[in-house]
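Below: one structure in structure tokens.
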Amino acid sequence: MSQKKLLLIGGAIWALLLLAALWPQLIAGYDPIQSNPLRALKPLGTEGHWLGTDYLGRDVWSRLVHGARPAMLMGLGATAIALVGGVLLGLIAGLGGKRLDTFLNGAFDVLFAFPDLLLALLMITMLGAGNFNALLAIGISGIPTFARLMRGEIRRIRNSEFVMSSTALGVSRRANILRHILPNALGPVVVLASLFVGRAITYGASLSFLGLGPARPTPEWGLMLADAQLYLSMMPWLAIFPGIAITLSAAASVILARALRRTAE
Amino acid sequence: MNMQTDPDMLASIEGLTISLGQTRLVQNISFTIRRGQCVGLVGESGSGKSLTSRALIGLNEAVLVQSARRFELFGEDRRTAREADWRLLRGTRVGYVLQDALGAFDPLKDVFTEVRETLDAHRQGDRTSRRAMVLDALTKVGFPEPEMRSRQRSWELSGGLRQRALIASAIVAAPDLLIADEPTTALDVNIQARIVQLLAGLKSDGMGLLFVSHDLAVVSSIADYVVVMHEGRVVEQGPTAEVLGDPKDDYTRMLIAAMPARAPRGSRLSSVELPPVSRFVSNRTETSTDVALSARDLGKSYVYPDGSRVRVVSDVSFDLRRGEILGLVGGSGSGKSTVVKICMGLVDPDEGDVALFGQPWTRLPERARTPLRPRIQLISQDPLGAFDPRWTVRRLLHEALEIGAVPLRERDGQAEQLLHSVGLKPELLDRLPRKMSGGQRQRVAIARALATRPDVLVCDEPVSALDVSVQAQILDLLSHIQREIGLSILFISHDLGVVRHLCQRVMVMQKGEIVEQGEVEQVFAQPRHDYTRDLLASIPQMSGARADVA
Amino acid sequence: MLRTIRESFLFSLFLKVVIVTWAASTITFIVMHATPGTYADILTSDLSQYGISPERRQEIIAAYGFDRPVWQQYLLYVGNVFRGDLGMSYAQSQPVGQIIAGQIGPTMELAFASIGLALVTAVAVAVVTVRAGWFGQGLTSVLEVVVVSVPSFWLGLVLLTTLSFGLGWFPASGSQGLWSLVLPAATLAIPMAGTFVQILRPELQNEVQAPYFITARARGRRYYSAVLRHALTHAMLPILTLSASYFAFLVSGAVIVENLFGRPGVGRIMLNAVVIKDVPLVSGIVILSAVAFVVINQSVDRLILWIDPRIEKR
Amino acid sequence: QTPVSGGTLTYYQDVEPDNWNLTHVWPTPLLVLGGNVVDRLIHLGDDGEYYPWLASSWEISEDGKLYTFHLRKDVKFHNGEVFDAHAVAANFDMWKADPSTTTLRVAGLEGYEVVDDYTIRLSFTNPSAQAMWVMSVPAFGFLAPDAVKNHASDLSGDPTKMIGTGPFKVTAYTRGQGMTLERNPDYAWAPSTSDYQGPAYLDAVKISFAPDPSVRVGVLTSGQADLIANVPSIFVPQLESAANTAVWEQKSPGLPYHLDLNVQKAPMDDIRVRKALRAALDVPTALQAVYFGKREQAWTSLSPATPLVGAYNETLENSWAYNAEEAAKLLDEAGWSDRDAEGYRVKDGQRLALDWTVRASLVEDQRDTLSEALQSMVRDAGIELRRTPVDSGAYTAQMKDGDYHLTDRSMTTPDVYILRRIYASNMLPTAGVNYSRVGDPAVDAIVDPLVTSRDNALRVANARKAQELDFENVWSIPLYVRVQHFGSNKKVQGLSYDASGWLGSFYTTWLQQ
């Protein structure tokens, strides 16, 4: 019952997000870039601009809707990279030999110490500016966290009775990893991933000042939120709505992660 | 008599029913336990013994709905008791020995801390007195070198050691009522006798005892009153001598008949129809060797908490011949499970080798071992630990069937058949192992091991959690398969009766060494080694009625 | 026996430190040189707004050694690092070691305080909600997701506005005393705690179904006390690993909070140093933090192994 | 109101300098706080003229390379040491020995000669009007011989070692957090232009660093601060109208905030495109939206606040305005008459897209928000403006390569020679900051005297001419005059600014009791 409710809510959020990302024109009435100073800073509830307008007179709702695609791409893309990279490296570290483990751990430590900003700069130099490269930078900077968590869980599980027992049963190493070790180890990693989505969006926006990530004037939640920082005390709606949008996408991912976990069980 | 005021009345249960949704798992059970009295709870595996005993300490899962006409402990109604009230009873007034001794300890804590926990939780005594009490309890249950070895964690202990520690933790605070759910399954007959003696002593000091067991001989030696359960109901109850000596109910009668010690060797114990053997025929190419598994000079040592290195297995050599059932008996902690793990290639021996069908096995890399694995299967001593906690029985069996090269579409049907052959209903397919009774789990483990159609089966206490009737069925199954298709079985058991009934040859292990081996009849009839003689002398016998039953 | 193990642990730690130091300095050096523009380029271009002759420009480039071939610069740099000399910061003209030494204190303070706070909060919330009904868990999960996705500047501003500007309970900025640590630590700790709870709770819910948990309760432990003493130890293992990672993040990633609360810290210095290409300073911070992470992670690994020796069984 | 002595001023500044050695780098906040601690030889007045300070008089040689300063004889450092020609010489020696110094390099100072105890002669490589300015900034301030001798290497990290002659001394400092200035009770050598002489009014100034603007406003309104730097314009009306706060506004001299158009890169090499771009921008509307009217539109390439009287060419005010039709006409003429699917103009299949390179670390003052308004406006005209922020290293490299259509900046300097730096052909970005890449000998002839000549009449005339040329050729598009807003409570009085419009020092500041 409650499980169903949760899935229903999650499904509704996803539907809304997907709709906004795929066909923003359908639900947004205004051009998200066109500024119109005449209608600047209309408060909440203004006729035609129910979520108000920003300092350049752009409709907040339309910007939110149009911001869905880049934001979701950033959030999900970066998370996917961090998750896949982290899980793979974590698996290798946790299941490979001691030397490999030591080597990878050292690499994680260096990567941890390596400033994200420098990584971002390197991405720009090597690949140029752009949304995808920002996503890559953020994803890569997230890898060591995921990898180490994964490694820890793998190590915890790899020697447990039931893994031994399925080895004894004749389950191949690969199947053992995929069926027994991974699903049991994945729990915390999946949670981390679902929470990473929201972080990646805000973090992606923080790189835009270097030309990485969303480019102005493209509407993007993280950017909108960052821009609204100054207006927080006076025009809080400018910050609240992108904040809600990011939170919703994070919540949607959390719900998805939970559903995945339940079905996995 | 007014029950409320009877100071000797420890527990008084009337009409206890435990249900899960619409199904009643336990129906309308009534019994009483008084000071100095032992109630034996016997019955079919899955009949609700554990649920009943857990109800007495208020620890059944919340989804299981409990109701009773009367449910009194120490003269107080407990039907609506709150968690906080229960807590005050637990440990100090009601001791509880969990059926699953192997998983009952927190693997991250050492045994000493675990045993002391009751005292900690109730803030009894100070540091030194708690320590003394813990060591005392451990000594009482025959835990060797308690001071040093209680610093080990549970997974460093053998099954029997864990079980002894668990009993120690239940009696450490000298409860008025002890609920012991299968407390001797992992104990060799010597230790078992010792524990029974200990419990009897406590009983005569005034402790009440609810003793759940499938071992009728043990029950008969300690219980004053017996309750026989079948499919969630009580089929018969009364003074021990009456019930066991002159059973009225068919089920009780069948139980007693199924005791292997009473049946001639090799004869059928159960009347259940045996499955066709074709299901179990190994489809692997024949190998010419006569010896299925051969162990040579195995040795293994572990480091104990005091830093000493102890050889738990030394110079063990044996051959398991093709189509033979080889028994392995020996004291608890003598290294049987370690030998098993070495044979299965799960633990690397320090010395020695195991060969499988004449081919090297122990020293192979795991990659090379995996393709051979389906041919040799293990039924481990701790079935619960052997299952992926997230997997249902269906998935567990499917996986094993997949390894046994059963095509996907046949797996469901075969899984049901397998369950059937171990006496389980197909409903269990979608159950998590955690939510089954001890005997049901053990049977799933057996079914899983048989699913790959092995040539060699290594059984580490495969029937310890089964009541005699189900045990009979399983033993019949095993000997049936062995006879018909030549399965080779290494069979470890504490139940010498079972070993004698089932095995052709037997080895006796003591302190890591094999002290005697030979034909079963010969070893049992003319034991050569002192230790063997000792063991045989301690076999519990069904005693007749006892005089002091109320 | 024990001694030799310890010694070998320390020895392997030492080896790892050496290798990681080399890797960190080399990678940073390569990346700093691979990205366009050197410190001297930026400086001379800035100074040309005030007018500067070509000879002076050359002088500046030489002063920082940029006139040498890159491989020479590299060897010189790495050589110095292994002699324990992290060099002089270009922009701050002070020894890098000295600069970091001055900042590491507040950074560590903040990192430890926020992780500690997050752990305590997370454990409290997770333990209290293990048994909560759907509503309670739903409510806290929503809260958790919200606090995790809220950007720190926002959270920080909200805390500042209410607790400092509004109620005046805490100072808005500075790093003197415990009092000034509360708000920045809370700003970092709250989202972290949200993540921790989300991981902790399912783990706890798993553990409370284990037989050992039933035994513990049968011995008379209160439910929550059993959760704390038994289930929690198991559930904490991933959290320990994760907090080591967060620690790493906090050393250089707390810029926003440092800026917001006007706190000194390595993060701020690092950001500036990257922006103006202060190679020695960036490398210095990278090297020192890499070494710190090696030590921290090794220690956490050891700690986990001590809690659960089965991990290295076999 | 007559000023009163006493009290401690709590001041929240935005940026903390990385390096406290005044001679090393030239970031503005450093100059500002250092100005409280060190005095200079000469003082640059609001009128753009130079006045005696630590030097009571001076002579300049005919060729403009030799300056002879006669020093005051009553000046003492904070530690009691005497200020004389030897002390000045010691400072010069320190600078010379320090590879990181920029003061000397910028000044072009070649050598010095101690003529007598209170006379020193400086020689410069080239005659330069800028030399006087350099000598008037805190980077040319003098430290006590003891500090020079024993603490030269500590100066970068520890401003308490900065022992000068100024009205305040640094008594405490915590990196990343703040510092304390205390009054120098012996101070009696303020510049001759100062109405007030004697020790500063304030007992002490407690300075904290708070980079976040909302936090600064918060500490002011909650009473935790007396004075805050750099108030974002959105908060200005709020602070102005509140009962207990006030806003201080100061326009910056030098280059206003503007766009530099790269005249060498197609299609910006076409003046019609540049003109169209200017006509397409509705600057007043954008300023109103982003700054709430708190920014004055700039009309020329020089700020009206620049001290040299008359240099600002006010005739250019209102000389251009937003005109969509004109923009369209110009672009049509230039051949950009077709439109693509997204509504942008195209020519020969090429979209009219302009790359705007931005130096990320210098983005301030909500200029990124302003840029969005501008982008939207030129989009209406069919021009795509692609703004890319890059880090300083990449920016420098890109400017060198000329790989941009436009960039933006403002520059605060108190003199017109800055116009030479942005137009002269030897200042092309390979070596300088001529970002519009004007390389024309005729232009050089006009802007060179801005630096080399000491004839102010000539400099005024040429500066006006340069602004006119800029307007005609659309080398740049001026946007707004940079202004600084300080917020304070009502007790704070007597803030004074130096010629650059920075908060020069707290010398004349006092608190109402």
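Should a chain be cited, it is by its letter among A, B, C and D, assigned in written order, with residues numbered from 1 in that chain.
In this text, a residue touches a chain if its C-beta (ideal position, glycine included) is under 8 Å from a C-beta of that chain, and two chains touch if they have at least 3 such contacts.
Computed from a predicted structure; not experimentally measured.
By count of C-beta pairs in contact, A-C exceeds the other of the chain pairs B-C and A-C.
Of all the chains shown, the one with its CA centroid nearest the global CA centroid is C. Look at where the CA atoms of subunit B average out and do the same for subunit C: the two points lie 50 Å apart.
Centre-to-centre, using mean CA coordinates, subunit B is 86 Å away from subunit D. Inter-chain centre distance (subunit A to subunit C, centres taken as mean C-alpha positions): 20 Å. Taking each chain's centre as the mean of its C-alpha atoms, subunit C lies 37 Å from subunit D.
Those residues of subunit C in touch with two or more other chains are numbered 35-36, 153, 157, 161, 274-275, 308, 310, 314.
In subunit D, the residues that touch at least two other chains are 214, 360, 391, 394.
Looking at subunit A, one finds that residues 121, 124-125, 160, 229, 232-233 touch two or more other chains.
Interface residues of subunit A facing subunit C in the complex, by the touch rule stated above, are 2, 6, 102, 105-110, 112-118, 121-122, 124-126, 144-145, 148-149, 151-153, 155-156, 159-160, 187-188, 191-192, 195, 197-199, 201-202, 206, 225-226, 229, 232-233, 239, 243, 246-247, 249-251, 254, 261. The residues of subunit C lying in touch with subunit A in their complex are 16, 19-20, 23-24, 27-28, 31-32, 34-36, 134, 138, 141-142, 145-146, 148-151, 153-154, 157, 161, 194-195, 198-199, 202-203, 237-238, 240-242, 244-246, 248-249, 251-253, 256, 270-271, 274-275, 282, 285-290, 292-294, 297, 304, 308, 310-314. The touching residues of subunit A, counted against subunit D in their complex, run 33-35, 37, 40, 55-57, 121, 124-125, 129, 208-211, 215-217, 227, 229-234. For subunit B in complex with subunit C, the touching residues are 57, 59, 83-84, 87-92, 96, 98, 100, 103-109, 114, 117-118, 121-122, 153, 155, 166, 169-170, 307, 348, 384, 389, 434. Subunit A contributes residues 160-162, 164-173, 179-180, 183-184, 264-265 to its touches with subunit B in the complex.
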